[in-house]
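What follows is subunit A paired twice: with subunit B in the first complex and subunit C in the second.
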Partner chain A sequence: MAKISLEKVKHSYLAQPTAPEDYALKQIDAEWQDGGAYALLGPSGCGKTTLLNIISGLLVPSQGRVLFNDADVTQVPTTDRHIAQVFQFPVVYDTMTVFDNLAFPLRNRGIAEAKVQKRVQEIAGMLDLESSLRRRASGLTMDGKQKISLGRGLVRDDVNVIMFDEPLTVIDPHLKWRLRSKLKELHKRLGLTMIYVTHDQTEALTFADQVVVMYDGTVVQVGTPVELFEHPNHTFVGHFIGSPGMNILPCEVENGTVRCAGHAVQTASSGRPGSDAEKTEIGVRPEFVRFDDHGFPVEIIKVDDLGRYRIVEVRYEDQRVKMIVEEDLSIPSESARISFDPAATRIYADGWVVN
Partner chain B sequence: MTKTTNHKAWYFVVPVVVLVAFNALIPLMTVVNYSVQETFGDNVFFWEGVKWFEDVLNSDRFHAAFLRQLAFTGMILAIEVPLGIGVALSMPRKGPWVSVCLVLMALPLLIPWNVVGAMWNIFALPDIGLLGRGINALGIDYNFTQQPVSAWMTTVLMDVWHWTSLVVLLAYAGLCSIPDAYYQAAKIDGASAWSVFWRIQLPKLKRVLTIAILLRFMDSFMIYTEPFVLTGGGPGNTTTFLSIDLVKIALGQFDLGPAAAMSLIYFFIVLLVCWIFYTLMMRNEEQ
Partner chain C sequence: MRTHRWLVPTLYIVFLMLPIYWLLNMSFKTTNEILGTFSLWPLEFTLDNYRKIFTDPTWYNGYLNSITYVVMNTVISVSVALPAAYAFSRYRFLGDKHLFFWLLTNRMAPPAVFALPFFQLYSAIGLFDTHMAVALAHCLFNIPLAVWILEGFMSAVPKELDETAYLDGYSFSRFFVKIFIPTIAAGIGVAAFFCFMYSWVELLLAKTLTSVAAKPIAATMTRTASTAGYELGLLAAAGTLTIVPGAFVIYFVRNYIAKGFALGRV
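Moving on, here comes the complex of A and B:
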């Protein structure tokens, strides 16, 4: 058990990185509290796997330090870090039985056979693998194999952290849901630190207490699901989290007044972007856009009825805005006027929020 | 769904059938023809039935050659397979040295059999060959033209030199196809280097090794040119393997009947062993 910190970690897969684009991880400062359930969320290629491999020691970062409980472990080999990691695609030892597969991490560490038996039975019970314990692992389905991989991660009780790298990608949706609940339950029971990598926001939001959002080799925001929803730090977070994502609209700021297409917009940001900002935008979630006779004119282009609410897409100039409209509200037929809830509208300068 | 039948499609198979008939079946039938008859030339044949087969199967000479053959094949397999895996394991997986290693490995495979035999013959000669003189200089009495042990050692060494590369290349290809995730998982699980080899690498190599062993078995079981050039089957008959013996009977003594019978027996042994080996491996696979 340990608190894990990353200090100014940078990593490049190239031998001689020069430009910032050469880095898979640009600069990461992060802290993972002991016992936390974290989700690492980000698009494909943003460096999630790289980050996990640096924590587990499979990779040594090009720069920066990895600390476990404030002790520098940057150069410590994987085996001595006491870390469990489950990979995206199942890894099983083909020639061994399911039981031996699950027992493998324990036996390698010289744990007494009685305890091995007990732990393996326990984990097998949890993952519904009891009936196939005596079978050869190579004969199992994808699902079964991935359960073994999960099991090998969970079987050890000496670990500092268990890291799951998109472990449920290959598993069918129903089982996926069950396994995720199991992991969550296990987290509550054992109080282990868990880091769960995914690019599926539902998965991240249901699993984690804290969500770490990564984008292009950097951590853009760390927070609870509610924080990420209500106060996105970066347009990427706003866009990535929520369904549909946040509306990001270009705006001009003149003498402290924010204007979108010539219309003044009230925002929650009290500060104003510096004059060097190349791009200024406002961000407002579809939940906080409404029809308002005093707002600015738009043209309605699409209505999606999702049952309890409708998603309406409107347009002004060449910008599209999505809004969520309650079931019982009537929608004007072609043109309408809309406004944004000032408390939920923020200014973003070059992608980053202005508070 | 109904299948459409079009018998004209058979015409496409005809060229292959003709080709196989002329390069395999018809020559083989001549052998069958000789194996059941006696001839004194002039195209006069006498029916002999299975006599030649009985003769060959009961002859001490055939037994001895067969045992020599088994010993030789067993030895080279026992050396080349582990050695090949070992070399493949120690080859770099990436970087500029990869191509250098691959070319070095492929070189022996490109040399024709008789050249290999001639090279080793000269290389191992006790008076002028580097190897022969070197060994003698170490105080070991070595002369492959006169001592059976030396002759065997040289023949085996020559085969190992010539063919281990094949196992290396196949094993190397197999090793390269193992996804990184396996090695990473093994590190996480705290597996020792030996466990990684035994639990990951070797099982993943099973298919390519099956092929390597099959190829090396067939090739070495039918080996002719290299020992023929190196030792000519001697000293005495000590390195007379099956095919050398066959040629001695067929062309040296001109006993076409027994030679034909022996060819067929020889052919069936190779076929049988390959079949057994393949079936065993495949059954293992299904488990």
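Moving on, here comes the complex of A and C:
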């Protein structure tokens, strides 16, 4: 087990990268504490798999260093890094039985056969694979094969980190939920470092203590689910996390006053964007938008009743704003006035928060 | 119409099997009967033709020579093609697409084109009339073919399999031998089959590059005008025996070949 750090890691799949767009990872500085449960969250193509492959040594980064417990392992081959990684699609050794598949990582490390038996039984029990242990792995369903992949990842208890790259994509929703809680339980029991890649926010938020949000080859924020919810560092985080996501509205800043469509808006940001900012916006979550007779005028276009609360969509100019309204509050019929909770409204310059 | 549905396939099979049947038929006849009478089956059934082949060294050595260089060629072609196909399927390197294409174009030239240069070269380095000479010459055609077939099978295996093996503690070479090769066994079977067949039926290079010591069976067969004229029964028996190894190999790889077709290669 180890603390894993990435120092100024950049990676490009091209031989001679020139422009920033050539890099799949722009610049990553990140630290994964020993024993943490991390979720790596981000849209497709943002570099999540690339990052995992750099940690496991399947890729050598174009620049920067990878450290395990402060020792440089950038050039150490995968085999010697003691890492378990589970991929999105099942990988099984077709020619072996299920048992041999699960035992494979242990046997390769010269573990005594008695312990191999014990561990494999334990893992197989956890994943409901006991009944098929003697069968050839190639005959199993997708679900079954992916369970083998998971099992092979979990079978060693001496790995530095276990990384899951969207491991439950091919698994049906019901089983998905069960496997996810099993993983969580296992993390608690064994205290292994786990990194779990997903682009599903509920999956990330339920699994992890710390969520790492990636966007376009960079890490935009690392934090607990609550931090990401309350203090998004980047409009992407605000938008991606929470349901519905944060409202992001263009604004102008003049002499320190923030205006949205001509109306002054109070924010929690005490700083102001630099004059070189190309785009200034305010971000406010739907939970912190309310009806207010002194606010600015909007037109109500849609109401969704979700039981305990309603999601109301309103419009001013061509901007749409979503707001969450408790079930006991009445909603005006066509036009209304709204305001934002200043303590939860922040300015974003070119996507990044201004504090 | 329904009742005649069997007609077309049957005609087709009869049409395909007829020459083979005739060969078999002739091989059990004496030369005199072949020349003298027309009959659908041997009137004087004889195994003399076969007996002659299995006892006369000039005959059975032909088979041994053919099998020797064919097996050598198949082993060399497949073992050279394995790493090459792996490189094509797993790595991108400068000009890989072009190289892959040019490999295949080798097969477009008729073997006759290469007969003279090979003859010259092998005579100069003392390889002439050895099994190795023919085996190597056939590699020129078979390695590209094997690379092409194997590349298809290898690309169907996700690269995550390689990566998982490294994570699980295997080095590249152990992974390649113990996991990857068994995984693509079907592809190896298909590639070996095509190498075997090509090398088995190729005659021109095999004849040009040998004289006595490594003379292939097909060459023996074309030189059988004895004092008694052509020994047709003997020739037919020899012909029948040349079909046997092919049939044997096909029997073993038939399932793999179906898989190969399913993958779009072959």
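To be clear about the criterion, the second predicted complex is superposed on the first by the 355 of 355 C-alpha atoms of A that agree within 3 Å, B and C clash if a C-alpha of one lies under 4 Å from a C-alpha of the other, contacts with A are read in each partner's own complex, and residues count from 1 in each chain.
Just so it is clear, a residue touches a chain if its C-beta (ideal position, glycine included) is under 8 Å from a C-beta of that chain, and two chains touch if they have at least 3 such contacts.
All values derive from a computational prediction rather than experimental measurement.
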Subunit B and subunit C placed together on subunit A: clash or fit? clash
Check the residue A:231 against both partner chains and state whether it touches subunit B (first), subunit C (second), both, or neither. neither
Q: With the two complexes superposed on chain A, say which partner A:139 touches: subunit B (first), subunit C (second), both, or neither.
A: first
- [ ] Answer with first, second, both or neither: which of subunit B and subunit C does A:310 touch in the superposed model?
- [x] neither
Subunit B and subunit C footprints on subunit A meet at residues 53, 56-58, 77-79, 83-85, 87, 89, 91, 93-95, 104-105, 108-109, 149, 152
Seen from subunit B, its contact residues with subunit A in the complex are 179, 181-182, 184-185, 187-192, 195, 199-200, 203-204, 287
Note: in the complex, subunit A contacts subunit B through residues 53, 56-58, 77-79, 83-85, 87-89, 91, 93-96, 104-105, 108-109, 136, 139, 149, 152-153
Subunit C residues touching subunit A in their complex are 158, 160-161, 163-171, 179, 182-183
Subunit C partner, complex, touching residues on subunit A are 53, 56-58, 77-79, 83-85, 87, 89, 91, 93-95, 104-105, 108-109, 149, 152
